[in-house]
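The structures considered in this document are given below.
In what follows, subunit A forms one complex with subunit B and a second complex with subunit C.
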Partner chain A sequence: MDRIPILKLGGALIVTIQVDMQDRLAIALEEDLSAMIARTGARGVLIEISALEIVDSFIGRMLVSIAAVSRVLDAETVVAGMRPAVAITLVELGLELTGIRTALNVERGMAIIQSRIAEEGEGHGGDWDRDES
Partner chain B sequence: MTKAETLPIRSGDDVVRVRQRVRTLCIEIGLGLVDQTKFVTAASELARNTLDYGGGGDVRAEVVQTGTRKGLRLTFEDEGPGIADIEQALTDHFTSGGGLGLGLGGAKRLSNEFHIESTPGVGTRVTVVRWK
Partner chain C sequence: MSMDGAGVLKRTLTEDEAAILDAWNASLQGGTSLQSGRIRMAELQTQAKAVFSQLRNAIVSGGLDADGEHFVPLRESLADISRSRAIQGFTPTDTANFVFSLKEPIFEALRRMSAADDSGFAASVLAAGKILDRLGLQTMEVFLASREEVIGRQGQEIAELSTPVVRLWDGILALPLIGTLDSARTGVVMENLLQAIVDEEAEIAIIDITGVPTVDTLVAQHLLKTVAAARLMGADCIVSGIRPQIAQTMVHLGVELNVVSKATLADAFAVALRRTGRKIVRQQTASTEERR
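This part shows the complex of A and B:
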């Protein structure tokens, strides 16, 4: 089965969604991400969606669900690169991306995650970057 | 004259194909990017409902014209269990299948015209139109 690659960069996991997501791929991504957060102690998940021409309730639910699981594992989810037409449509669809931060692009999304790591790192020594196997 | 075509909705891949075809037809009738995105999203919601709840079915796509005004009409049809309480199904956040419950209400908001007929035990037909 195909899987969406997950990249680790600093304390963040980065995923680029480029394909029309199908149910199984979405479930696999959610599982892979939570396993990887647990294993690496990542503090942020960046999901880049600039290739998505639409976000319907199915994709929306996947994003919200990833964010909810990540939050339980102490990682913040940032969705980056949403097309303006998609953002406008989401509002009319009635979909609220509860628990998800959005960023214009990957750079800004990473900045959000890095600042969170920097803030909280002062409290507990940034051990996330030493336990990668 | 109207131009009509029918596409099957029997798998997730079919849902993807419906989205792509609706996008092309939206462009053909001259819809702008935001309107295209809205109507493709509505089509995606309805196609997924046809698949998930209706047990599969099909969609008829027609380019329609009144005077000089062009539009795209989509009719989603299935012979599934039907919907007993349409008002409830249209209510935002109502779901019987663990969804967000936004598909039907959202598709209505994202279309210029919306019509739903459903008979328990017979099936469901949802018609949406977006005008240029």
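This part shows the complex of A and C:
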């Protein structure tokens, strides 16, 4: 079964969704992502969905639950690059993805995660920086 | 000698053309369409003459079926006339009267023609009435269709005009809303705004509702939907221009806008600038300080 690759960049995990989201794929992504957050201690998850053209309520709920799981594991989820049509569909479905940060593109999304890491990194003694070296 | 209705009608229209046209022109002259000043008598007479000759040709060559193919040129020119009337803003009565006012002159002429022949007269009046009624109805149909076309086009133009997205600054968009928000317009507004957010890579969108006359629960819901969609795209929304009365009504109705709202567009713009790390400084203070 295909899986969506998860990239680690600094303290952030990056997922780009470039295929049609099948329900099974979405469940696998949620599992992989939570395992990966726990293993790497990532502080942010960036989900890039600019290639996603069709959403349904299941995908919307999947995004919300990924965000909820990440939050429990102390990582912030940012959804980046949502298309206008997708945004309208989600709003019409009543899924406003409350609790998820959103960004126009990957650059801004990473900026959000970086600023969070920078803010909280001080309290943790910037451990993820040292981890990288 | 007794003739059938069609025969009497054909003969009358051919032989008594001048008298019928004169009477029709006189009746048109007294009509309201001329008094409204939208059309000149000369133009009206030309149209009347053309229509009459086409009517005569159609009846003489084709018979009495107003839906038949011999009536096609007549129907087309009547359609042209009523279409132009609709655009010029004539009333429905004026437009219909153009055809219906031909009835009386024709009936008069038929009476003169079949002086002693009552049954021929009745039959021909019936036939002529039938044709003219049909033509009048067709005229009205075209008139209404053209009016609806005009209204539809205007509605579309208003919808396009009334949802502009303005770029106030790098990454700051404004959406001045004018007129009532309904679901159809909200759709257009939302699409325009979201597309503009993508195009301009905007961070903040200011929705200014100074021009929205009333805000009820439905409008508030539409606003919130737009704000939510913009947020999903990664842009923050500020609502501005809520007038005092509207603010009161909203509170009394229990409508809650859970978004940042500012009284004026200027305030909202200032907030937007601050959020994007910018500041407006008065230049004069700096220069006066320099002079000291």
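Basically, the second predicted complex is superposed on the first by the 128 of 133 C-alpha atoms of A that agree within 3 Å, B and C clash if a C-alpha of one lies under 4 Å from a C-alpha of the other, contacts with A are read in each partner's own complex, and residues count from 1 in each chain.
Definition applied: contacts are C-beta pairs under 8 Å (C-beta built on N, C-alpha and C of every residue); 3 or more make two chains touch, one makes a residue touch a chain.
If you're wondering where the values come from, they're calculated on a predicted model, not measured in any experiment.
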On subunit A, do subunit B and subunit C fit together or clash when superposed? fit
Applying the touch criterion given at the start, work out whether A:Ile54 contacts subunit B, subunit C, both or neither, answering first, second, both or neither. first
Once the structures are superposed on A, label A:Ile117 by its partner contacts, choosing first (subunit B), second (subunit C), both or neither. neither
Examine A:Ile88 and indicate which partner it touches, taking first as subunit B and second as subunit C; both and neither are also allowed. both
With both complexes superposed on chain A, which partner does A:Gln22 reach: first (subunit B), second (subunit C), both or neither? first
In the combined three-chain arrangement, what's the angle at subunit A toward subunit B and subunit C (CA centres, steps of 10°)? 40
Should A:Arg108 be classified as contacting the first partner (subunit B), the second (subunit C), both, or neither? second
For the combined overlay, can you note the least CA distance between subunit B and subunit C, rounded to whole Å? 6
Touching both subunit C and subunit B, counted on subunit A across the two superposed complexes: 83-84, 86, 88, 92
Which residues, counting only subunit A, touch subunit B once they are in their complex? 20, 22-23, 53-58, 60-61, 64, 83-86, 88-89, 92-95
For a test of understanding, state which residues of subunit A touch subunit C in their complex under the given definition. 79-80, 82-84, 86-88, 90-92, 96-97, 102-105, 108-109
So, in the complex, the side of subunit C touching subunit A is made of residues 187, 190-191, 194-195, 197-198, 201-203, 225, 228-235
Can you check the complex and tell me which residues of subunit B touch subunit A? 12-13, 16, 19, 23, 33-34, 36-38, 40-41, 44-45, 48, 92, 99-100, 102-103, 105-106, 109-110
